[in-house]
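The next part holds the structures, each set out as structure tokens.
One chain, chain A, links the two complexes that follow: it is found with chain B in the first and with chain C in the second.
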Partner chain A sequence: MVVFSFYIFDRHAECIYKRQWLPRPVSITAKSSRPVSEPSGLSNGSPAVFGQSARTTDDDAKLIFGTVFSLRNMVRKLGGEDDSFVSYHTSQYKLHYFETPTNIKFVMLTDTKSPSMRIALQQIYINLYVEYVVKNPLSPVEHPGGLGVNNELFEQSLEQFVTRVLS
Partner chain B sequence: MAVYSLIIINKAGGLVYQREFQSGLRKLSTNDYLVLAGTFHGVHAITRSITPKLPALPPSITTGSSSSSTPTPLPSSTQSQSQTQTRTQTPTSGPAFTLPNPGIPTTGLEVLETDKFRLTCFQTLTGTKFLLFTDPGMVNIDGVVMKIYELYADYVMKNPFYQLEMPVRCEAFDRHLATWLRGRA
Partner chain C sequence: MSATKTARLGEESRVDKVNAELVTLTYGTIVAQLCQDYDEDYMEVNKQLDKMGYNIGMRLIEDFLAKSTVGRCANFRETADMISKVGFKMFLNITPTVTNWTSDNNQFSLIFEENPLADFVELPDDGRAQDELWFSNILCGVLRGALEMVQMQIEAHFVSDVLRGDDTTEMRVSLVRYIEDEMPPDEE
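Here is the complex of A and B:
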């Protein structure tokens, strides 16, 4: 199973964390071994490392939020307020969605063969997000621009979770 | 193992057919269905465009000559800066990225799963979309969709009075669809 990317959106529709795991040529990985979660915009140095030719990852996050937001509302209309959208897939990728009662949205893009990741996203929320972001006394209540989420402990453990547990 | 309802959306995103096959479904107004069709049409296009693109490994990268330049085309903002870098690289012939499932054409949303239902979307070559709402555990949905497409071709497209892209009002289609689905269940 391959995980392509992971996003967290807060209740103000802002992307507070994004991370991509696209396999990159070996010579380039050395440049940014640390997880990338720029608070606002990408650094000018390497905007195209993810192979998105025209769009930046910021725009991608906005498109993904728009998609899951529309689908969530559509599903609620059709299935009732207690129904929730779990995942969708196209011929190329699969998108997994998990929303907490506080309207924090976790989104993960994987390959089409992966099983349901609802439990995994729940684990990320309970074991990583709550532990390292919410319980951090220095972390703000809201996370404008990813402030407080991009701490080392959270990023490292997320990295470990995705590379060791999921693949 | 049940088919809940069927929606057909034309290539412009307009609702042309909507039918329920099971009683007890939530009642939505006609306006809601029109909004749903339009929304889905838009989301379908976006889901295709957010397909992850994996950077391709160009054969020249293995020589280890370029340590800082990226093999992918850079956006216009850094174009001038990258000009010198790309020129030093040996020109690569293939595309700058590969898709996760190379060889398969990129499509939009195909299957949407929720707690209570599963939505299967089939897009024909001409852009018409068939949305089939089924039980989450149902198997062989593709077969059902194909049969519905066949019935659509036979009783809607071959109907001389049917105007393209307009709402489907073909009694024979309704009848055969209901009969076939009932016979299946």
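Here is the complex of A and C:
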């Protein structure tokens, strides 16, 4: 299984942490509008370069937030207030989603063959985020611009979690 | 969630224990220091305690959710039960009684039969502390901070305290509003 990237959004809709492991498949470009209709020929060319030059990682984060935010709201309208979506996938990638009652959103992009990462995201929240970010008394309560989330303990443990546990 | 199930959750959530006297003495020292720093201006001490509690609550809620793995409450009554039977049980090993609901279900009281923060405490005999200082006011802030993070704006204050010679220790909690989801700022 391959993990492409990982994002955390706070309750103010801000991306407070992002991490990328591998060059993304190019067809992520069109994800928020028409994910499956992307011609697959594009991604076989020079995906990383093409994708990277087209957008920055900031744009990625915004696109992803917009997508999960709308999807979550739609799911709640259709399935009731307690309903939430777990993941969606396209021909190129799979997006996993976990949201806490405090409105912190955890998002992970993996290859399409990966099993559900909901438990993994929940573990990242419980064992890494709460332990190393929330409980660090010197880190701020809110994290504008990712302040306080990017501490060494959290990043190292995340790296370990993704490389050891998930691969 | 049924009441008994909620109570069981409070019992079962795994938490590390800490010596009760250590908590009491630490908290007492903080209050004493604040009284000193603000020249016995007890109103200001109440305010500072509430503010400290608020900052604690905003973090504590994440720990609460991580340990109890509970979801969103369906209504404010369920929230009150959760606060008393899971929250207070987990962090202070007490279960304050939820009572005195208003008819619109937006206000309730927590009655503290025991209060680990106030063991060994006697308020100073300066003729004012008995009327002005809410010794455990940090708890109000904790609730306010914690509930704000789960989209509830509330107001909490003590209305009586055994330390002042009242019969009960009672905190009044009122729901102000549910907080809407924030949208990302428009840029284009």
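Just so it is clear, the second predicted complex is superposed on the first by the 138 of 167 C-alpha atoms of A that agree within 3 Å, B and C clash if a C-alpha of one lies under 4 Å from a C-alpha of the other, contacts with A are read in each partner's own complex, and residues count from 1 in each chain.
Here is the rule we use: contacts are C-beta pairs under 8 Å (C-beta built on N, C-alpha and C of every residue); 3 or more make two chains touch, one makes a residue touch a chain.
Predicted model, so just to flag it, every value in this text is computed and none were measured.
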Pick one for A:V130: touches chain B only (first), chain C only (second), both, or neither.
second
Using the touch definition from the top, say if A:P144 reaches chain B (first), chain C (second), both or neither.
neither
Partner chain in contact with A:N103 - chain B first, chain C second, else both or neither:
second
Of chain B and chain C, the chain that contacts the larger number of chain A residues
B
On the A-aligned overlay, A:G66 touches which partner chain: chain B = first, chain C = second, or both, or neither?
both
Using the superposition on chain A described above, determine whether A:P115 touches chain B (first), chain C (second), both, or neither.
neither
For A:R11, decide between first (touching chain B), second (touching chain C), both and neither.
second
The intersection of the chain A residues contacting chain B with those contacting chain C is 66, 82
List of chain A residues in touch with chain B within their complex:
2, 4-5, 22-28, 30-31, 44, 46-54, 56, 60, 63-64, 66-67, 70-71, 74-75, 77-80, 82-93, 95, 109, 111-112, 116
Help me check something: in the complex, which residues belonging to chain C touch chain A?
55, 58-59, 61-63, 65-66, 69-72, 149-151, 181-185
Touching chain A in the complex: which residues of chain B?
26, 28, 32, 36, 39-40, 42-43, 46-58, 61, 64, 66-68, 70-75, 77-78, 96-97, 99-101, 104-117, 133
Using the touch definition from the top, list the residues of chain A that touch chain C in their complex.
11-14, 62, 65-66, 69, 81-82, 100-103, 125-126, 129-130, 134-135, 141
